[in-house]
Amino acid sequence: MLRAEGLRHSFGAVRALDDVSFSVQPGQTLAVFGPNGAGKTTLLKVLAGLIQPQRGRAQVDGGRRAIGWIGHQPQLYGQLTVRENLRFWASLYNVPESEFLLRKDSLLVRLGLQDHEHRRVSELSRGLVQRAAIARALIHDPRVLLLDEPFTGLDRMAAEELRELLSEDAAEGRASVLVTHNVDEGAALSTHIAFMRAGRFAHFAPRAGRGPEQVGEDYRNAIA
Amino acid sequence: MRSPKLLRHAWAVASKDLLVEFRSRTAILSAAVFVVLVLVVFNFGRDPTAISNVDLAPSILWVTFTFAAILALNRAFQLELENQALDGLLLAPIERSSIYLGKLIANLVFVAGVELIGLPLFALFFNVPVLPYLLPLIALIALATVGFVAVGTLFSAMTVRTRFAELLLPVLLLPFMIPPLSWAVLATGRLFAGRPLSEIAGWLNMLAVYDIVFVTLALLLFPATVNE
Amino acid sequence: MKMLRVGRWITAVGLVLLAGVYVRALAFTSIEQSQGLAQKIFYLHVPAAIWAEMAMILVGLSSVFYLFTKDPRLDRFAASSAEVGTIFCAIVLTTGPVWGKPIWGTWWTWDARLTFTLFLFLLYVGYLLLRSAVPDPAMRAQYAAVLGICGMCEVPFIHLSVYMFPTLHPMPIVLQPGRPKLPGDMLTTWLLSLGVFTLLYVGFVVQRYALSYLREQLEAVGEVGGGHA
């Protein structure tokens, strides 16, 4: 589904990625933990095709069409309504009209946004904007999800909704890579865990039923 | 098929830009007010007995249009920066060129709108008979506008991320505006003086060549301005 | 650093030769009939103008190669060539009026060659300003390359525009189809001057390139902050 082989990338003298290789199969969720500057966001950007790695390859089945990204930036236009935003992004992903309407309605309901469909994004509260951003990421039914600290700034209901969505997606066969500081969220949702440090994977293994406390301890041991 | 998708995506980007612009309306209003202001100032600044209208008119017209265009050019990528949407555009399965093309179309529509307001006002304030030469004049305006908006759109993608964006863009753009502008001014002057169309054909050709060269160049170079 | 020394030697030789050319121009070359003594600036002015333009073409070409190869040496060369080109433009823009005043009676005229050099100067200034406005080296090289290529492509169009204006400027005497109309000794002096300016271009660019490289090394170690290459 998603494969990285020997990824290497530097920004000037800083080695952001140092020989990273792994794969994520459909239905699997890889949680990547690591300190700031470990290269996690760079890794996601390389997987997404935003950065061409200096060495190595990243391959996602289905190309950019199949990728959904949830990150810090909502990527929504303030002066447009939620619906207009979704329509715009959907058109860039070549989503046919009928499919768009169905998915839009279902997403808006799931994320509690039905009443805000025709409101301008600039008028929405931060929590609603975050939820709209999730809708934007999912409107084209991506097979692969790349998530960069997606729970930051989410209110509890939205976080709950996102967690459910992610588990369902995994059940439906989506592959995800989740970068997070939040050990609880990461541990709960993932099938595989990786610890990243100075551009390398210090650990990569199936979670094998380990709970958040154990994952946290593994992390401290690996990184320390 | 790649071509229609390129155009379709470009059109999606363009219509999104225009919709956003329409909703906020600040840029078009500023540009319109600016045009009126410049025309009025020029009118008060000249001595009607000293220089004939027809001599100075082309320069005034084009200075007005270009300043208004420069005001407009910044908004194209500023929009993406403000909404932090550029990464989203780059993530989408679209050609980078369609982003450029979409921005170009939106900018052209915007500047055309300003010119549509400016031209009648200009004819009115300066008593210049525009109607007899309307068609060739429009062709001239269209070709020259495409020339500097094409380069301006490319440059604005770069300057928007620098510190003095609004200042840097005109500075970079100035030497690139001079050829199309000088041709446009000369040709407009000939037109207003009632010269036959065959005389300005040469300038129209040069403008067309300029447009083709720089739109192509911009399409080729645009990805270099957004890729990491 | 070896390259810097080489560059300095070349420049030094060039400057000495330049003085030599000038002595030859003043003392040993005939005085032009219609323009008199002031015409001698021509030996300085025209070769500088030619190299100012060549430098921009070279900026453009190295920018094209940079975009394909991403080799930082090409970017460094482009930056160096741009700076040297700017200086040569400045030489033309100052010697031009000095030549013009005694002959035409005004310091500045909107004639073809001077105007062209002015626009070329604006292109260079824009290029250097863009470079200084982008702190990240990779982005800076990328953006500069884009602008450099556009600048190179703009040059023929600027030629086209300025030659539309009625001109006071002496029409090209040397670079004409058919044999140059310049009398023997003047031609020799002119050619010598062109050679010297070529040498100066190379010397200055090599020096600037070397300095640029040194600065980057220092920045990498963290001794010099900010700045631009």
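So that you can tell them apart, the chains are marked A, B and C in the order they are listed, and the count of residues begins at 1 in each.
The definition used in the following text is that a contact is a pair of C-beta atoms (placed from the backbone, for glycine too) under 8 Å apart; a residue touches a chain by one contact, two chains touch by 3 or more.
This structure is a prediction, so every number in the text was calculated from the model and none was measured.
K.L.:
Computing the C-alpha centre of each chain, which chain sits at the greatest distance from subunit A?
P.N.:
C
K.L.:
Relative to the centroid of every protein C-alpha atom displayed, which chain's own C-alpha centroid is closest?
P.N.:
B
K.L.:
Sort out for me whether A-B or A-C is joined by the greater number of C-beta contact pairs.
P.N.:
Counting C-beta pairs in contact, A-B comes out ahead.
K.L.:
For subunit B and subunit C, what's the span in angstrom between their mean Cα positions?
P.N.:
31
K.L.:
Nearest whole angstrom, what separates the Cα centre of subunit A from the Cα centre of subunit C?
P.N.:
Each chain reduced to its C-alpha mean, subunit A and subunit C end up 52 Å apart.
K.L.:
Mind checking the centre-to-centre distance between subunit A and subunit B? Centres are C-alpha means, answer in whole Å.
P.N.:
Each chain's C-alpha centroid was found; their separation is 40 Å.
K.L.:
Out of subunit B, which residues touch more than one other chain, so two or more?
P.N.:
227-228
K.L.:
Using the touch definition from the top, which residues of subunit C touch two or more other chains?
P.N.:
Counting only residues that touch two or more other chains, subunit C contributes 138.
K.L.:
What parts of subunit A, by residue number, touch at least two of the other chains?
P.N.:
Touching at least two other chains: none.
K.L.:
Within their complex, state which residues of subunit B touch subunit A.
P.N.:
5, 8-9, 12, 16, 19-20, 23-24, 79, 82-85, 87-94, 227-228
K.L.:
For subunit A, which residues count as touching subunit B in their complex?
P.N.:
45, 48-52, 63-65, 67, 69, 71, 73-80, 84, 88-89, 91-94, 120, 136
K.L.:
Help me check something: in the complex, which residues belonging to subunit C touch subunit B?
P.N.:
Interface residues on subunit C, with respect to subunit B: 67, 119-120, 122-123, 125-126, 129-130, 133-134, 138-139, 142-143, 145-147, 149-151, 153-154, 157-158, 160-161, 164.
K.L.:
Subunit A touches which residues of subunit C in the complex?
P.N.:
137-138, 220
K.L.:
Subunit C touches which residues of subunit A in the complex?
P.N.:
On the subunit A side, the touching residues are 11-13.
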